[in-house]
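One chain, subunit A, appears in both complexes that follow, with subunit B as partner in the first and subunit C in the second.
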Partner chain A sequence: MKKAIPILIAGLSGLLVLVALIWQPQLAGWLEVVLNWAVIIASVAALVAMATLLLAHTRKIIMVRHGFIYSVILIGAFLVSFVGGMTAGVENPSYLRWIAAIQQPAEASLLGLAALVMAAAALRLFHQRGWSALTVSFGISALVFLVLGLGWLQALQIPQLDIVIGYLEALPLVGMRGLLIGMGLGALLLGLRIVLGLERPYGE
Partner chain B sequence: MPALSLNDLLAFGLCVLALVALGMNLLVHRKHPYSGLRHTSAVRSTEILSQAAAEQGKRLTIGLGLDVADSTTAMASLPVLAALTRRSIFTDQPVRAASGGGTLACLSQSVVRGTYQGAVTPELFKPDYALLAGLSPYAYLAGLLPQAASRANAGVILYGPHRPESVLAVDLVERKGNPVIVLTSDLSAQAVLLASSAQLSLGEDFFDSGASLEVNPSAAAALRAQDLLRIVITVGLILGAVLRLLGVWQ
Partner chain C sequence: MNALDVIIGLIGFALTLMVFSYLLGYNFFFRAALYLLVGISSGYIAAVLITKVILPLLIAPIQAHNGQFSPLTVVPLLLCLLLVLMLFPRTVSAGKLPLAFLVGVMAALTIAGVSRGTLAPQLLSIVNRFSPSLVQTDGEPAWGQILEAVFILLGVVAVLFTFHHRTHLKGDTEARSGLVEGLSSVGQVFIGITFGMLFVGFYTTALTALIAQLGTIKDFILSLITG
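So, the complex of A and B:
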């Protein structure tokens, strides 16, 4: 019984969302209610996960484990943001500006670093994976789309060339659709298995 | 009751067909669910890596990717987490999981705790085994990087919806000389990580974990159903293209 209740709740809510997505005009009200519940549960889950994280880092500090200084920084940063948000309000422009001033440069530097690593990885591709149909086609397509992305060929304004470029630019979309159909089928069957209780990602 | 549009009817038909194919495969292959099934090499490698980690007395770190709210495909990684945790319960260093969102962190915590309870060893479970790495994609990446770089790792598995920036974590693990396996549902990340030396799964192989690790008969039935539906969709697409070419269907 203890195991059956979560399966039943998961199955029924999944089924309701699935049916409501197809018969939207009739079930839109119910769909909204269920989605609101999902948002509330997800928010509570985020709080629980944060509390677990903070407890784990507090334990690390108390036991003076290797790298505990990072735990001190994490808890300190959390407390400052939390107290700031609670006192000034999360919609306060000064609070938001202050958070963005820390978050945006950190994210931008990570993205910049990722771009450099991607470029280096692309250069190392043939060394690491050898010459195969996959690597050669990867290299050629990267080169072709790099040239197309520059826009020089389009600037020549030759009608026949524009047709060829149009076809080439449609190719990634065609390939992506093929892959997305496969991914969609995988996701659909995973969803059905969860709804039917055949897969229980929420525990043993 | 207003009539359903063609798209809704197609979606409904596909759901029913998927359900029928799943049920049929479960019934037909109920005695030998995994016989003659194709295996995804990246998923099988996670098993080999788990054994290697146990032999070295080191641990495996699994990055579960972004939250369920960002991508429902995050659910697909949890059976693998359960399977690898089950195999590492009595080793020196059990598996550690890092999640990119609150819901996924709670689910992974529940899965790991359930696995320890299932093995009748709840006293060995520690909440540190499945923790939140960050609540946004970049925060997750920043939280994952130190865990991926840990000297206690025998290897790193990134299983779940990961963005192309995950190449940073992969590069870091490679520099530490550890193997890395990536199974992601994000097509851009698949394309970017193709250039790395990580063992990578392409396309929908991401969903094959339960079948490849032979831990869930319904996963094997789903894989067979998926293949069947792919054929049906391909035939439908070709037929649609031919009909449109002939001017029968506008």
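So, the complex of A and C:
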């Protein structure tokens, strides 16, 4: 019985939302209420996850475990950012400027670093997976789109070449469509399995 | 350039160097930058969630009823309290109920969103290529359009077959049928082409960010030198 209650709740809430989405004008009020609850619970779940993270790092500091200095940095940064946001307001321009002063350079540098790491990873792909239909087409495609991205061929303004470029640029859309349909079918199936109680990501 | 600009510029400069120190190996400075970013971001997100969601959607309705609970306010409050109990090892299982509710709602939204927003438009865009107005011009078949439509249909089918892993017993070993194997190889080519294009797109973005960040540092140093 204890196991059945979460399955029942997941199934009923899922069915209610599906029914409310189908009978839109009549059940719009109910849908809004349920979605509001979901937003609140998702926010509290995120806060609980953050609290768990902070507790784990606090334990690390108290027990002076290896690498506790990183935990000090994390908790210190969290407290400064959180207290600042709660006292000054999350829309305060000065507060946002300080947050951006740390986030923007760190994130931009990480993205820049990703460019270097990706170049190395792309080369490693051929070493690890060898020559296959996937790796060869990936390599050729990357090379072709890198050249096309430079815009030199388009700048020549040769009509026949422009037609070829048009076809080349349309080619990835075929794979993209296939991948999107595959992912869509997978997500649809998983959603149905959750609503029917066959899949229980919230625990047994 | 005032003192605040200099301090913010110095923070950005230091963080950039700390992140790029990863090129020398996974070191203290890189890890410190990551932990700092996680701490600042999570603190900001926590403040936003409390001030923009919890206070207006959960606490304000209770205050509006002068502290009296109505069913519409008590249900989310109870579910939230059950979630908070997950912080204590003995009451972790109490969080299953709110999580089950959340998962159910998300699953339903996924079903509706994916079927209306992804599957229907993608399938229709393939089917619509076979519409009589496109595959005919002046009553004559437009072979170019027909070939293109068939090519796209076969490409999509081949990509889907790449993820078909059902095997049959062939002698002593299990293997995919010849047709599936062939289609899967064609599908792999299309997936490779798509990944190649996506790789270049992401690589170009990352490279642009790298150049922009290096440009910002150069400008900051020049402004410090020139005053």
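We take it that the second predicted complex is superposed on the first by the 190 of 204 C-alpha atoms of A that agree within 3 Å, B and C clash if a C-alpha of one lies under 4 Å from a C-alpha of the other, contacts with A are read in each partner's own complex, and residues count from 1 in each chain.
By our rule, a contact is a pair of C-beta atoms (placed from the backbone, for glycine too) under 8 Å apart; a residue touches a chain by one contact, two chains touch by 3 or more.
Quantities reported herein were computed from a predicted structural model and do not represent experimental measurements.
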{"item": "Contacts of A:F138 with subunit B and subunit C, given as first, second, both or neither", "value": "both"}
{"item": "Subunit B versus subunit C as contact partner of A:A56, first or second or both or neither", "value": "first"}
{"item": "First (subunit B), second (subunit C), both or neither touched by A:I9", "value": "second"}
{"item": "Residue contacts on subunit A - larger count, subunit B or subunit C", "value": "C"}
{"item": "First, second, both or neither for A:A101, with subunit B first and subunit C second", "value": "second"}
{"item": "Touching partner for A:A77 - first (subunit B), second (subunit C), both, neither", "value": "second"}
{"item": "Partner chain in contact with A:L110 - subunit B first, subunit C second, else both or neither", "value": "both"}
{"item": "Contacts of A:A45 with subunit B and subunit C, given as first, second, both or neither", "value": "both"}
{"item": "Common ground on subunit A, meaning residues reached by subunit C in one complex and by subunit B in the other", "value": "18, 21, 41-43, 45-48, 50, 52-53, 55, 70, 103, 106-107, 110-111, 113-114, 118, 122, 134, 138, 176, 179-183, 185, 187-188, 190-192, 194, 201-203"}
{"item": "List of subunit B residues in touch with subunit A within their complex", "value": "1-2, 4, 8, 11-12, 14-15, 18-19, 22, 26, 67-69, 72-73, 75-76, 78-79, 82, 99, 101-103, 105-107, 109-111, 113-115, 117-118, 127-128, 131-132, 135, 138, 141-142, 146, 164-165, 167-168, 171, 185, 187, 192, 194-197, 203-204, 206-207, 210, 216, 218-219, 222, 225-226, 229-230, 233"}
{"item": "Residue ranges of subunit C in contact with subunit A within the complex", "value": "8, 11-13, 15-16, 19-20, 22-23, 31-33, 35-54, 57-58, 72, 75-76, 79-80, 83-84, 86-87, 93, 95-112, 114-115, 118-119, 122-123, 125-126, 151-152, 155-160, 162-163, 185-207, 209-214, 216"}
{"item": "Of subunit A, residues touching subunit B in the complex", "value": "18, 21-23, 25-26, 41-43, 45-50, 52-53, 55-56, 59, 67, 70, 103, 106-107, 110-111, 113-114, 117-118, 120-122, 124-125, 128-129, 134, 138, 176, 179-183, 185-194, 196, 198-199, 201-204"}
{"item": "Residues of subunit A defined as touching subunit C within the complex", "value": "5-7, 9-18, 21, 33-48, 50-53, 55, 69-71, 73-86, 89-90, 97-99, 101-116, 118-119, 122, 132-146, 149, 171-185, 187-188, 190-192, 194-195, 201-203"}
